[in-house]
């Protein structure tokens, strides 16, 4: 198209074309949240797509300075409501590091179980909405059906389905009963078959594969430059997982693989690799859950933490592997019962920086696939 | 050859996909047709830990104001009046703004008797914002003083027991093994 | 039809009127009856059925409140849309904007005059029946282009252009598949094609030789693409930003486009049933004309509606293809394959002018084998992954 422009422009511009500037969002048909892209296209091919974020900014970090330590934990849920446990855990780990609190072993197991269940739920939404953006409406509903079971389990464990406030400073808020453990086990037995069915319905479908392979590959070089984390980074071929490489909590004792993208169906690091890494991660989470259920000891589920928690002055930086990548928590305390500064570093925010570079030269339909494959989450971007 | 392989793969995967959707077509749907086509109301099926709309049992509230202090979003307002002559303290008002409430459960955990707790109610829609503020004090109620040696009055004993049963769900540092003291 | 009118004339009705007017009047009346009592409720019930079918495939229920099992949902939708404000964008081309839905509607409605519902039940048995259908459905392109252009909206324009390219490209494999059948039957009239088949499945044209078998699937795919159905529903891609060429339409105008789409599904099914599946042919069970008419109508309706169900099923299963992949599919795969089918059938007809019964029965057995394999697969799925077991821990 552009070659034709230049050719005819030289002949007196008999066939003059202009670029269209189109607005994608903030009211989006797909469920990635409130995002806006200003897209400049030449017919079907995009010249550039600039993201415009900030529609969901709720000043959570500022609120952290005004609310007590225990009171801020519910707010961390809302930083990424699809993967709420991880934000809970990160902040609580930072507070525990500052206050020198030791978490009992049973509480660590409860935390791992809750987090891995939440990881499965978040990935289910991710692959479900991915399918829906590509046009397959049925797998989305199947993914939601499985997530319903996980929501029911979380309701049994902590009483809420989405914003859990389960992981508290010093341990967890409620203990997991024997009955719930049985139900989690039954769910896992059934879920692995469902993942297999889901793969056969969507992941191996030729039309789906053709839509995704060789679309917007991220090279490892770019991933480092733009600070991409999580499944996006693993899809580029690098086997980096905070749970394995900078271990925290119980992960050193648990045995699980870290799936990476292989690029067998297209280019390494394209949209299909990012999708498959998430499916494989769900299966790994099932392994982790089974081990934790087997190994969980008796004991208290929370340590003794004073009602008015006042950690000594200092700072802590905690990194955890959230569903969307490396989530960093930088917490500064000045000895009072309010934090001095709370800062979240999320993977989706840095992924938005890469969208502009990747979007040059792809088609409008591929932009949708690209955004869905990066699994960006508007609450995580804007906090 | 790649041409024929493409066609064969397309046909095979479409065949698989259609078999899967057809298998779901002939199964029973999983929808719960709330609110009219269900056997029992959803509220009865929710667990005790479910964090629904807050409710307060004023008969066992001691007026310690722990819930008001711990709430991160300041949705609980309690007013306690003291009668000058009899030195009796009564509640003037106990309001909870449920549209501000985050349903985090911190107030329920802080309560010593379990009088403020999350109920199983989740249908809180109202036609005007004023209807979303729940007032739990109709006429002035005296504060509750827990009796040493247990409660003798049977209705009060039942209320105290319900409150304590609710508090039992939370994890505490002394409880070993949790609600079911068996290997998890 | 013609015989009935001639009989009425002979018996002395319509004395003072010239016979041509009587014929024309009878034809118009039948067309009106077919269109309003058959097509309109059919398109509406198809919309309800589509939502129920999708919902069951997605493990949920679908509309089931309005009327028994929700069957009047389309009436509720229609009334709601009629009551909406009639919005025409200020900068839009008014005349084209208002006319576009009607052009699309005419493009699909005019095909119903040659659909053979039974051996006596056809409005007009043109001797170029199938060519008439192919020609008239091309009017839809004009309507869509008018809609896209007159909305004065970049998205609508994009959608309209994509749709025009898609429909025009897919006319070719559709036409070639139809030509394959015409080679075998020698006639283009719909009743003629049906009469060239028998009531038994191995007498149907789809099992006639391997080439017509492939031509059937090519026809079905091209017809889905022409009707803007998934996996080719790019012009109205719901999750891709906005609604394509129908973006600026609201209320009843919006519904007209979808009305045409659902009704078009039935036309696709009817043409597939006529050309490939033996139409209204029934085994010689009865001679009573009324019973025979009803049976033929029922058989034809079921055969056509089954393909409507398959179109809905495909929509629930497959993702969307991208625009350039759509064009590549058409020109690189469907067109060469349909040419191969055409040439193959021509050679077949040359070698075996009366048809090869053994080959037909062999193809029929192949079809049955595919169906058996399919049911086995469905059974495996049902046993293997059972979602309803672990849901609802309390209820």
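In this document, chain identifiers A, B and C correspond to the written order of the chains, with residue numbering beginning at 1 in each.
Note that in this section a contact is a pair of C-beta atoms (placed from the backbone, for glycine too) under 8 Å apart; a residue touches a chain by one contact, two chains touch by 3 or more.
A quick note: this is a predicted structure, and the numbers were derived from the prediction, not measured.
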Pair joined by more contacting C-beta pairs (A-C or B-C): A-C
Geometric centre: closest chain by C-alpha means: A
Centre-of-Cα separation between subunit B and subunit A, whole angstrom: 28
Rounded Å distance between subunit A and subunit C, as computed from the means of their C-alpha atoms: 43
Whole-Å gap between the CA centroids of subunit B and subunit C: 53
Residues of subunit A touching at least two other chains: 138, 142, 145, 148, 156, 197, 201-202, 205, 207
Multi-chain contact residues (two or more partners), subunit B: 6, 14, 16-17, 20-21, 24, 30, 46-47
Numbers and ranges of subunit C residues touching at least 2 other chains: 57-60, 316-318, 381, 387, 391-392
Residue numbers on subunit A that touch subunit C, as the complex places them: 20, 22, 24, 29-30, 44, 131-138, 141-142, 145-146, 148-149, 152, 156, 183, 186-187, 190, 193-194, 196-197, 201-202, 205, 207-208, 210-211, 363-366, 368
Residues of subunit A that touch subunit B when the two form their complex: 67-68, 70-75, 106-107, 109, 138, 142, 145, 148, 155-160, 163, 165, 171-179, 181, 197, 200-202, 204-207, 293, 296-304, 307
Of subunit B, residues touching subunit A in the complex: 6, 9-10, 13-14, 16-17, 20-21, 24, 30, 46-47, 49-51, 70-72, 102-106, 109-110, 118, 169-184
Residue ranges of subunit C touching subunit A (in the complex, touch as defined): 54, 57-60, 154-155, 158, 230-231, 233-234, 237-242, 316-325, 381, 384-387, 389-393
In the complex, subunit B residues that touch subunit C: 3, 6-7, 14-33, 38-40, 42, 45-47
